[in-house]
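Every chain is named by a letter (A, B, C and D) in the order it is written, and numbering of its residues begins at 1.
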Amino acid sequence: MEYLIHIAVLVCLYGILGLSLNLVVGETGLISVAHAGFYGIGAYVTALLLVGLGMNFFLAMALGIIASGLVALLISGVISRLRGVYFLFGTIGLNIIAWSIFLNWQSVTRGPLGIPSIPRPGIWGLDLYQNLQFLFLAAASLAIVYFISVFIKKSSFGRVLNSIREDEEATQIFGYATSYYKLAIFTIGAMLAALAGALFATYITYIDPSSFTINESIFIFSTIVLGGLGSSRGAVLGPLLLVFLFEGFRFAGFPSEIAAQMRMLAYGFALVLLMLYRPKGIWGTFRI
Amino acid sequence: MERVNRGSALMWVIVALVVVVGGFSILGGKGGAPSTETGPIKIGVIGPLTGDAAIYGEPFRNTVQLAIDEINATGGIGGRQVEAIYEDGQCNGKEGANAAQKLVNVDKVQAIIGGVCSGETLTVVPIAEKGRVVVVSPSASSPALTGISPYFFRPYPSDASQGNVLANIAYTDKGWKKVAVIQEQVDYAVGLYKVFNQVFSGLGGKTVKEEFSSNVTDFRSVLTKLKAEKPDALFVLTQTAASTQRILKQMEELNWKPQIILDEASAGDKETLTTYKSQLEGALTSEFIPDLSNAKLQKLMSDYKAKYGTELPYLGYMAPAYDIVYILKDGIASVGYNGEKLATWSRTIKDWQGASGSVTISSDGDRVGGYSSEVVHDGKTEPYKK
Amino acid sequence: MDIAIQIALNALIAGAIYSLVVLGFNLLYSTSRFFDLGYGAIAIAGGYAVLYFYKLLGLELWSSIILGIFIAGILGFCIEKIIYRPLRTRKASSAVLLIASLGVLTVIQAVLAILFTSQFQTLGRGAGESRTFEIFGGAITQTQSIILITALVVMTALGLVLKYTLFGKAVKAIADDEEVASIVGINSERMIGIVFFIGSAIGGMAGIATGFDTGLQPTIGLSLLLKGVIAAIVGGIGNVYGGVLGAFLLAIIENLGAWQFSGEWKDAIAFIVLVVFLLFRPQGILPK
Amino acid sequence: MPILSTQKLVKSFGGVHAVDHVDLAFHGGKITALVGPNGSGKTTFINTVTGILPMDGGEIHVGGVVMRRMNPADVAAYGITRTFQNARLIQQISVLDNILVVLTERNVWGALFERHTALHLEKAGNILKKVGLWEKRNENAENLSYGQRKLLEIARAVSMRANIYLFDEPFAGLFPETIEVISDILRTLRDKAASVVLVEHNMNLVRELADYCYVLDGGKVIAEGTPDYVLKQPQVIEAYLGK
């Protein structure tokens, strides 16, 4: 049971990451693979404030989210000038630079040593040291992010994002300063990713740079392609399926050396087959 | 905005199926789990079964399995068979945490052997502590693990000891004033460098350090830069022998043949020592070395060779790994298979005789005793003599 | 000042390998018009093929290398035929091709890890096998010189072939406009197949060179590819000589950075170069 | 005074002037036609005026004021809107959303907290009913036929609160009944005092609709006046037939 709870927490975290990335990729058509970078900023800022200053969890998390949002705001001013595949490579660069900073700014991040013993939050007498109660927090966060995601999709703002996704120039002719819209959604996506990062740091209670690599970004990206771009439900379903698939390999009886590679093999194949036979993903509303 | 497409009913069915199948496989895995009172004794094992550090993970798993097979062949513990559940920690914190969650919560083990690296061990311990499971590492040597939890102990000394030995000999005996360090960005190397630098600078020496992340393959410019510093010696400080080999190969290509200091992770790798024999001749190193004349160790080495067909590598890590299984056996025999009781019992271990020699666990969970210095000669390590 | 000379030589060696990567990459890009991420994995598959024939089966060195190059070419050809061609026929967007190629990258890396383990392996049979030359106080080995010469030969050959042969003209026609090319009677499907074979074979050379120089690991496919992409963009995408120029420039900047600044920021420096170019000179140094 | 006028407007591609020091003026309450052979610079003119192509010289005046910022979004804020030769719809959203997107808030913050209202729906409904696409409102735009796409794009342009409408070949390839619907829309706009600019090849339609007409050739204005007048000019006949 505890193990199912553990997996459920992971599903919630990746669900938040999937939803937030979907806003950027699925709704706005910005193919970004920098998400693990923002996820990491949220995790590091929260963890450092908790460990270093003993700050209240929610305050630390809020600051982590704001920090990630500020970084996104600054950076997207630069990279939102890139189009299409160049945007993609810009974001790959971003992720690698963020990772280098986590690894090399050792006076702050402790580099490869990581940050151990991050306290779990305790609120209203709930002892979140219990995984089940942490799951409530994670699930509540997922629900909030889902709500935010649907709220954005249903707003006029969301419609403009869809319009940018398909024809940015035409959208400008309608009178929209599209660069501000891209800036805004990139920042919102980064802030929500940072929320997942804050939860991750306090859940695992240890972070190091290896959780925030470009491969992690590619994994998050794959989950939403599987679930279906442009769909909030798809952005939760994709992570759910892939996390279950990954954990399932633990039980499938493969030799361990092979199992890890089998996961990679499975999701690589999933991407190829999806593109060949169902580029919309499972639930997608948007065919890239 | 979000309209349901026609395929969605089908997709729901698929989702439901996956959830059901996933649930079944998990419950299936759980259903067979017996209570802790009867049936086989399940012990969790976490190590790097994949990735760069798998070179330690494989012999580690083999050694643990060897000890378990021996115990089972002689009637198990109190009549109960021992069964190991291996999980892949990949020497990384997150995977270590996942593996520990599964072992503690699904398999309900009371003891975990591992992790092999400090990185995974650091995340395993808090999870195990919460589940009141005892964790024993054969080789995680980070000073950060000293006194981390009453549920953790290691029949292996902390790196503090290794850094100390190396820095003292380098400065005092060898008379090196300036040592260049090429350090991999992993917790083990960072921890060791800290101790080394502290002691070496304290003595009056100076270090010049370059770092590299584990995925780097081209060291030439970093090495060129260190060479230009004209150091008295180069400390190759890596977590895996693979990186050391890359560095040594590229040093050779650059025609740089300095005095070398090796950490134990590379010094324990026979392939490195023999392949780069001429470059490493006279290299200073320090290992936690079990006494080769120890009859238990000799038996372990010959049994290992008989069973797996290869020489037992990394004696400094594998002898403790082998001993852990027997230590746990003694512990379970005296206090029962219960993490809490085993944790308390672990602090009473004193002069326990095993393949790695005499084991005494201090109150902070570390092995008492330490590293001895060695030099490389003709592709082998031998004790250092002044 | 022999440190400067050695740094220059180091840059030359790294640049030679990047050149091979970028030569194949540019050739593929100029006809297929998308960023084939799978190319990185195909390149190292060539290296692993040599590992298999030369080290495990004990075949002779040169025949192993030729087999390795051939296998990389065939692999590229088959993947194009099975995956990319149906997608192109369906007029799938370049993002779909990109994601499919990401799947290809993941699958090949996983398969290589299953077959050859994920450990680091070098193609050389032992230490001290390669002679070292002294040039103005710097050192370069025989193997490295061969790699450097190969890169220059391949560049020249490719440049000449594209300029003076019928094949080259057909490739150019497809690069300019595939539809027009088909109208004037070029069998573009067949030509693209041949281009994938040749491009992947050149990639295979890069993988083999990497194997002899620094060693192989399944996961270096992505980093090799990214270096190739940066070199291609810096030099001017699709331009044979521009790509090589970009490759050497990138290598020089990386090694200078390692010398003057610090080695651990190497990847970050490479990507900062990329982002700067994307922003200020997206067409590269030598535009097509 | 004209609502929109250009002075010595220049746009060149690699040294060739596609729009060559052009002075045009467009008045409110008038339909002005831009005619000329293929490649005469009509579409380039529209692209330059709407900020899609950066201009290389000259000035554009809107309501007597020089336009300074020439981003497409800024141009729209001056009350200028347009359609394209090949209708550019937002393919993977619904027909209704294609209209709503031009009715809602432009400001980022405002848009984030705004949902489309009954009023928006009513406006969108009216225009969709007018062009006969109400039944298709929930279809994705990519599923429309060629004529429907043109109609939807025009409906979308009309829904913008603009006072200058630039239509780039709105009638090309359409059936007579569709042409009639669109002509009606153009006349309605004119009657509301908007300035309508029409790029068109069909001279009968130009005669029927336009109040004034400019003829472009090689990026230059070669004739202007009422349609009947300019179409009789020898240089115009030569431009169409002579080369």
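What we mean here is this: a contact is a pair of C-beta atoms (placed from the backbone, for glycine too) under 8 Å apart; a residue touches a chain by one contact, two chains touch by 3 or more.
Heads up on the chains, UniProt names are B = Leucine-binding protein domain-containing protein; C = Branched-chain amino acid ABC transporter permease; D = ABC transporter domain-containing protein.
All values derive from a computational prediction rather than experimental measurement.
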| item | value |
| --- | --- |
| Distance-maximising chain from chain C - centres being C-alpha averages | D |
| Interface with more contacting C-beta pairs, comparing A-B to A-D | A-B |
| Where chain B and chain D are represented by their mean Cα positions, the distance between them in whole Å | 72 |
| Centre-of-Cα separation between chain D and chain C, whole angstrom | 48 |
| Distance from chain B to chain A - Cα centre to Cα centre, in angstrom | 32 |
| Separation of mean Cα positions, chain D and chain A [Å, integer] | 42 |
| Residues within chain A bordering two or more other chains | 100, 103-104, 154, 159, 257, 261, 285 |
| Two or more partner chains touched - positions in chain C | 113, 117-118, 262, 264, 267 |
| Residue list for chain B, restricted to those that touch at least two other chains | 1, 3, 50-51, 54, 185, 211, 213 |
| Residue numbers on chain B that touch chain C, as the complex places them | 50-52, 54-55, 185, 210-213, 215-222, 224-225, 227-228, 240, 242-243, 245-246, 248-250, 252-255, 275-279 |
| Parts of chain A lying in touch with chain C, wherever the complex brings them together | 31, 78-79, 81-82, 84-86, 88-90, 92-94, 96-97, 100-101, 103-104, 214, 218, 222, 225, 257-258, 261-262, 264-265, 267-276, 279, 288 |
| Complex contact set, residues of chain A against chain D | 152, 154-157, 159-160, 162-163, 165-167, 169-178, 180-181, 184, 230, 285-287 |
| Residues on chain B engaged by chain A in the complex (per definition of touch) | 1-3, 5, 7-8, 11, 14-15, 18-19, 22-23, 25-26, 28-30, 49-51, 54, 86-88, 90, 92-94, 97-98, 101-102, 104-106, 119, 122-123, 126-127, 130, 144, 185-187, 189-191, 211, 213 |
| Complex contacts: residues of chain D adjacent to chain A | 50-52, 71-73, 75-77, 81-82, 84, 88, 90-93, 97, 100-102, 104-106, 108, 110-116, 160 |
